[in-house]
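Letters A, B and C name the chains as they come in the text, with residue numbers starting at 1 for each one.
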Amino acid sequence: MHKIESKDVHLYYGSFHALKGISIVIEKNTVTALIGPSGCGKSTYLRLFNRMNDLIDNVKIEGQCLIDGKNIYSREINIEDLRKRVGMVFQKPNPFPKTIFENVAYGLRVNGITHSTFIEERVERSLRQAALWEEVKDKLKKSAMELSGGQQQRLCIARALSIEPSVLLMDEPASALDPISTAKIEELIYELKSEYTIMIVTHNMQQAGRVSDYTGFFYLGELIEFDTTKKIFTNPTDTRTQNYITGRFG
Amino acid sequence: MTHLDIELKSLKTDMLEMFSLVKNQLEKTKDALTSLDKDLAREVMVNEKRVNGFELKLDRDCENIIALLNPVAVDLRFVLAALKINSNLERVGDIADGIAKFVLNIKLDVEPQLLQTTRLVEMFEIAIGILKDVMEAFDKEDTALARSVFKKDEVLDEINVDANTAVAEFIRANNDRINQSLYTLSTIRKLERVGDQCKNIAEEIIFYVEAKVLKHKSLSQKEELPGETKN
Amino acid sequence: MNKRIKEQLAFWTFRVLSFLVIAILFSILGFILYNGFSVLSWDFISKMPEDGMTKGGIYPAIIGTLYLIAGSMLFAFPIGVMSGIYITEYARDGLLKRFVKLMTNNLAGVPSIVFGLFGMALFVNKMEFGDSILAGSLTLSLMVLPVIIRTTEEALLAVDNGFRHASYALGATKLQTIGRVVLPMSLPNIITGMILSIGRVSGETAPILFTVAAYFLPKLPTSIYDQVMALPYHLYVIATSGTNIEQSRPMAYGTAVVLILIVLILNLIANALRKYLGKKYKIS
């Protein structure tokens, strides 16, 4: 059974055909990068897996999206449960205007956990996983808005990890950050791989090369090529993929 | 350690293994030749496949590192040097294989007299010594050790030149042993080339550690330590 | 005319006009203070009116106004905020939503006397509350409802969607997201709406005219079905009717001062609250 799978998925925003028959299989504990020009469906595809597209009016989805073999769009699925198992990190860091501690604890609290020792331990664990603990351990009660952009994004990662999802969806997590923060986050992703299955949308091709095991190239809503990152970056099958990667895109 | 560091470390370990492989080939060939052990010679020839396979793997690893991890500066120089050293080592492996083929084809022992006058065994030992030197220089990033190789190689060149005379004389005295003599001469040429390959490896090591290009320079220029300028 | 001169002209025009506005504001305040200053005293605030409103204090009117502020806010605030939340967070975009918003805005423009008549017809007569604090509060709350709804709406819209998405992505329900993230962030601006409403409620005479206000009550109200005196109505009464208008004129000015002061103090309190909440949730 594959960890994440989509079978011939089509998505329409009203009459606009945004995703055209995407079939991808993703195995556990791998990092998959989705690359392609702007507006080609990568983020839309990513958002299928925690059903964030449901928040937009007028969206129609065909085909199947499966996690752990189960169709996540079936009626029996509880959306809140799904989102506990599938975490998301957004492009623009969006920590809540609360304390650092409360930001990470938020996910636990909304899921009904009240035991304070448990919450404290989990907060520390998540911050360590996000490589942020050492920098904030003495100022957990300070506002999250006082952190730098890179720290805020790592805080958002800690927040997503706090509820122990098994899948992590990352939508251009480093695009709003400076190079050093970006490098830190890339290293983080590389390390998180052993415990999570990660799908990451990125505009930065070198980033895809650095962090991912598999890469999918999207163009105008279609999946042009999906293969190991090594293959895509050394000898892609499709000319369009090669043109995009070498920067010779029209 | 970043992803890149892990890959570079892995590459270095694999390179050292390639060095080791090739060194063993050379040592086995020397033993095969001096004791005319045909079984040992066959071992060397079988192992040659492993050497070739390993070369291909190392090439692919270097390609992947460059394509995926964008190394720059010393990291990039390291990967480029590794690519070239890999190719040099493969050729040394070929040479060992070639000499082993001779051992299989010789019908009689090599004349001890010939062995002595041509200093063949000494040559073997110097060549293997030089290979060990560059292996250590690569491992320890020791550019002084790498530079010492240039001088040592001169001895090999010397033996190579002298060998012509020695063998010619032997043929004049023993013209029923021409095949043997030719094989011996061939082996000497091959060993001289081992020295050349090791010199190239030394140049690559100095390139990646010091960013100094020593290709096509004179001996004295090569021996210059960083910071000096003789002429 | 060259650019620099145009710039200067514009700058000075704006400056003069602004100062003009401030000057007008200060003259009004100054005028009232000057004329009412003579009657201001502790007695004025704490005593009942005496001698046909020519002496004594305006204590019951102060209490009455405070009761009406409290009463109207009690109804208007929760209903207004919840409506605002519904319109912004739950209602689907469409004809109905647009219609509701249009109606809300229109309600804001209805003259206050119309509210007064409506309040009298519905609360005083039909529902038989009679002239009472209950009727008055309900009428006033209807009047300020659109303001509260609109400011709540705007406060909620000002919260960036990114925060909502982050909350949903962690498995929170819409209610949890509103309660734990969106509402706390919009509270400062919602309170601004409340400040505006308090100001209106304190000062409107027409809605309370037919629903609660009394010319003179010897005792303070003891239940919500009682009538009550109120500052704006009291001011009107002193200035226009009464037994000796000339003599009680200073009392009118004094009442005006007290009214302004009450609104000012309530504003300051609400502003402080707003600042405190703004800092707590560190939005800026």
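The working rule: a contact is a pair of C-beta atoms (placed from the backbone, for glycine too) under 8 Å apart; a residue touches a chain by one contact, two chains touch by 3 or more.
Just so it is clear, the model here is predicted, and its values are computed rather than measured.
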Pair of chains whose C-beta contact count is the highest in the structure: A-C
Closest chain to the centre of mass proxy, which here is the mean CA position: A
Between chain C and chain A, distance of the C-alpha-averaged centres to the nearest whole Å: 48
Computed distance of Cα centres, chain C from chain B, in Å: 94
Parts of chain A lying in touch with chain C, wherever the complex brings them together: 50, 52, 55, 57, 80-84, 87-88, 90, 92, 94-98, 106-107, 109-111, 143, 145-146, 156, 159-160, 163
In the complex with chain A, residue positions of chain B that touch it: 2-4, 63-64, 67-70
Of chain C, residues touching chain A in the complex: 92-93, 160, 162-163, 165-173, 176, 180-181, 185, 281-283
Chain A residues within the chain B interface of the complex: 183, 186-187, 190, 206, 209-211, 229-230, 233-234
